[in-house]
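In what comes next, chain A is part of two complexes: it sits with chain B in the first one and with chain C in the second one.
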Partner chain A sequence: MVDLSQVFLNSLVTGSLYLLAGTGLTLTYGLSRFPNFAYAEFITLGGFIGYVLVEQKNVPFLLAFLVAFIVAGLIGALAYGLIFQPLTKRKASLIHLMVASIGLGYFLRYSIGEIWGWSALSFTVSWPLYDVNTVRITGLWLWLIFTAIILGLALHACLIGTKVGKAIRGIATNPELALVSGVNVERVIFFTWFIGAGLAAAAGIFRGADARLTPMLGWDILLPIFAASVLGGIGNFYGLIIAAYILGLAENFGVVFLTAVGLSTEYRMAIAFLVLIMVLIIKPQGLGKK
Partner chain B sequence: MKKTIRVVGLLLVGVFSLSWLTGCGLNSAKETKNREGEIKIGCVLPLTNSNLGPKAAQAVQLAVEEINQTGGINGKKIKLYLEDDRVDAATSLQATKKLVELNGVELIIGGTDAASMVVGPYAAEKKVLLVVPMSTSPRITGQKWREYVFRTCPSDALQGKLMAQLAIDEGYKKVALMVLDNVYGVSYGEVIKEALAGKAEVLAFIKYDPKSMDYRTELTRLKNLNPEAIIQIGHGPESEVIYQQADELGLDNIRWIVGECAAVPALLANPKVAAFMQKTAVGTRATAPDTKMRDDFISAYTKRFKTPPLIYSDKAYDALKILALAIEKAKDDDPQKIKQALREVGQNYEGVSGIISFDQSNDCVNSFYEVWRVVKEAQEYKFERVKLVSVKQGKIIGK
Partner chain C sequence: MGIFAILALSLSLEYGFTGLGNFGKVAFFLIGAYTYALSVETGLAFYFCLLFAGFLASLGGFLVSLPALRLREDYLAIVTLSFGEVLRIIVKAEHGLTQGVWGITVPNAFAGFSSTPRLLLGANFILVFLVLLLCFLFLQLTVNTPYGRVLRGIREDDLAVEALGKSKLKYKAQVFMLGSFMAGLSGGLFAQYMRFIDPYMFLPNVTFLVWIMVILGGPANIKGALLGSFLVELLNRGTRIAKDYLILPIDPNNLQYVLFGLMVILILLYRPQGILKETPVKTKAGDKIKELLGSESEKQEELGVRS
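Coming up: the complex of A and B.
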């Protein structure tokens, strides 16, 4: 009845977005040990920077992508340096850090609203269409999936093979040991916040180009992104890869099920969360951790 | 442990003193119902998340300005309280409560569909008069609380039949419905489905989430069902995303019969969506015959806000004007008396949105609709009227 291969592809698109967006969240959590709610606004910011460059300044998409990555990355690092690092040094608790991040999120969201307005904006870039048997795929979806795969491979290589990658893993597992081993913990955390916010921005551009841009863009998808991070075992990148695609599949096959039985597809998220709850009952530490 | 107790204690003291302070603040800020020399009217409409809402609110504002410039009602000026309901029922109720309980407002213009279902019962409970200009759901008709809720726009029980007729007239035997999952979309869709019964097969009735912005799998399912036409009822913002993704998935080679919220310039500003709509879409929307009064309203609105009005701006303008007329007739601020007066002035009232007559259930019975399509002229996309349809006393009369 339903073309399952197309639904698989749709799941791949949804999952790739969650992976791209979730990576920064889970990496910064691994190091800073608190859920950063302002992460939603890093996503939104990326979308808007991309929009300004592509639509108003006629910058090629790829270049806009890099600029958005760097600008949002710097804002992320700045947010850490100005807000979260001082708070951590003053021994702020998890709650303090969380509330501060919610505050920062509000500030950024309403600033974005003031600058670009609250009406939706749309990318006008046309993407080539490809047909593989019965499956339709657009250039944008290919880019999204490709970026997510490259990200996965690059980050894996970085975590395993490079000094900074080893430092990130070291700090995530045992911050004190990393510190006494001579790792410059602060610098590594700054670097991670930069990369994290940059990846959020990348996800924001994809989401904006795929749907539309509003100051609520990031906030509206923060919940499934958190869900993917938790399902993967928050702080764990490898768990996230599996979790993002599981959620993508659960949501899209959920839609197939819901439309078949005549229920509203608003429950797609409920189905995704049902999967989340079941996995966490069986494996409370998340998919990625042993 | 001691420290924790101290912290918790301090927090509690803080919270209590804060609530005490704000409590005092609220009490002193609470306004009296009747103030000398002014009539309070509230307006709760979507100012965000909507293409139509902000325009309707501006139309209300225009009507208030016009009345105040010519001396007000019975010598009293109108004071307008504008609130944003964000197309969200809970926010709408909150805003209405604020107006009623804090500002002492007893006359309110407002309500989209989901909101009316929640705000309506509250208005009836508080005996506050509500005039709704853009809540079209058939489900609102005949509710117990309608005694206090008048609507200046017609029910989609009428427009739904017209939508179904479009599909039947074009000879489609297999159609699929895709509606926004709220009171507006679902009840509208049900009317269409009922009107199609026996004339065309409804392959699917998909209720979608307006916030999801990822409709690929819903659309994949529709594509696999292979309908001759898709009837889609939604709000403007998410419809734009649906058309974009439908276009990408290759659903651009069948007919799309779409709801009125898609008939807004905002959608044509997106060239991909405009091209898709030009190729596939036909739809209906509420309109009114051209009269001098209507022309004057459109030019006054355009002059005041530097942008033309949209559908339901006229209904919102009329809502305020007809309410003002009722207040004038009642010679009183009492909602009970104004309600009676509203029933009287609301018979063959000539407004900018056509003739308004309330029936027994306070619904507007007459209306005009137009069938529209998108055309491209000199590289510009625009909406073009295919035909005008009049509805009188619940019957569709084609023109």
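Coming up: the complex of A and C.
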């Protein structure tokens, strides 16, 4: 018998992870107007940086978190500055940008594989377990959900209240207008890539601590993250919030369904794909836009 | 090498000429390989199985392209990429049909007349290059027909093509099917050549390698695709040999992909047209236009002289 509240909790956890990981993707996608496939490697990188700091250097978790955020963020900004900005300036086609991002992804992934090896690592930190009635929750999950909520609130405040946030929204809707309105478009995009890659790294730490850590970590969750971004409407943060949790629900209930029908739970990924196809057929512009 | 060259040709048709970003090449390759492996087991003749592999792959291509073709290129990219991932998962999970991670051993198609391994290798070689040659000739012909010109028109400006009364959706879907057919063929050949397939042979790396081949060699150039596949394969083999003979501080396999990633970025930054840039697509149509233009200008010159 499946515990319904446990499934809901699992969905909440999965959704929070996708929200955390997807935010950067959807924002940079909205601003730079191409899907960055190397995003998966930002996630992986975060996981590994976190691992090195926490496991090998005995750094407190929170500090490791911050360091991973900043390092991955810098790499993200650097990647934009060295590769994607010049490409955009040369009027590279959308496909060229995507291929370049895949190339960057391979570069990063195999560099990670070279440095840390391909065998799976796992965090040895044990998290306190809480049992509420029949529901089991780990401290890590609480942190993840908490972080996702904080992120949601902070980004909302940023998008509504601050100059940068307004600029991000402005560029996403109309880059030319933003430019003539005196927005420093390049700087805002840089900033977004920094934040985006940093958030990806944060998601990577959570994912790595929750499951195993391999160089394929980011790639394995890239598909549902893309599905969530498309479902939420590309570049639309608020759409993403809903979409991430919908996907979390779909995936966890899907797994319950799959076990009930007797199919392999490997089809977990296929659920995200199904969602993606459905969205493209029915409502390609996503949930968020009117 | 020939097998990958066929893949590169198919991508050249899809991306180079029509501007479709297929990031799930491996999916159609996989369909071809498994279809071939499974249908050969039923005892059908191998050429029939090969065609069947191609057909199923093109059907897959048609189905996948449908939801995404109407939209921007990036959606197609995401959908095809995910399709490749999902297909691999399905193959992994459906033990009954594909034997999952255990893989399938493919029976020898040339058992009748090639008993020694050397002969078998020769037969495979001939078969692969025969198919490659056919694909090459087919592509060469296709891109030079009016059909090919429409495709290039779609790549450059699909609105203009629509305005001329050509349904870009139809053409795109057709190209996708054609490309997938070729990918399916090459998948079948791959299965026959390797004599064994399992899901781990169909990682996204295959797609990436094919993309490098096409981008390196020159996307809208059929010979470029061949050249690219030759160079990439050379590098690939080279690192494999280096693994045995050289002691490098880093694992050659990692190094290879790191270099490939870097290479793609550098090519896109500094030479987006690929190696064969100076020889732009030569078409009979283009030649004719040049001829016509030439005679036109001659005429004008004559006129100019007269007036």
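In this text, the second predicted complex is superposed on the first by the 277 of 290 C-alpha atoms of A that agree within 3 Å, B and C clash if a C-alpha of one lies under 4 Å from a C-alpha of the other, contacts with A are read in each partner's own complex, and residues count from 1 in each chain.
Here, contacts are C-beta pairs under 8 Å (C-beta built on N, C-alpha and C of every residue); 3 or more make two chains touch, one makes a residue touch a chain.
Remember, it's a predicted structure, so these values are computed and weren't measured experimentally.
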Problem - Clash or fit, chain B versus chain C on superposed chain A - result: clash
Practice task
In the overlay, answer first, second, both or neither for which of chain B and chain C A:Glu266 touches.
Solution key: both
Exercise for the section: Return the chain, chain B or chain C, that is in touch with more residues of chain A. Expected result: C
Exercise for the section: Once the structures are superposed on A, label A:Asp3 by its partner contacts, choosing first (chain B), second (chain C), both or neither. Expected result: first
Problem - Partner chain(s) touched by A:Ser119 [first = chain B, second = chain C, both, neither] - result: first
Exercise for the section: Would you check which partner chain A:Ala211 touches, where first means chain B only, second means chain C only, and both and neither mean what they say? Expected result: first
Exercise for the section: Could you pull out which residues of chain A sit against chain B in one structure and against chain C in the other? Expected result: 263-264, 266
Problem - Partner chain B, residues of chain A touching it in the complex - result: 1-3, 6-7, 10, 13-14, 118-120, 122, 124, 126-127, 129, 131, 136, 138, 207, 210-212, 220, 251-252, 255-256, 259-260, 262-266, 268
Completion exercise
Seen from chain B, its contact residues with chain A in the complex are 48, 181, 204-209, 211-214, 216-218, 220-221, 223-225, 237, 240-241, 244-245, 248-250, 266, 269-273
Exercise for the section: Provide the residue numbers of chain A that touch chain C in the complex, in ascending order. Expected result: 34-35, 37, 83, 86-87, 90, 92-96, 98-100, 102-111, 113-114, 219, 223, 226-227, 230, 263-264, 266-267, 269-270, 272-273, 276-277, 280-281, 284
Problem - List of chain C residues in touch with chain A within their complex - result: 15, 19, 21, 23, 67-68, 70-75, 77-79, 81-83, 85-86, 89-90, 92-94, 204, 208, 211-212, 215, 250-251, 253-258, 260-265, 268-269, 272
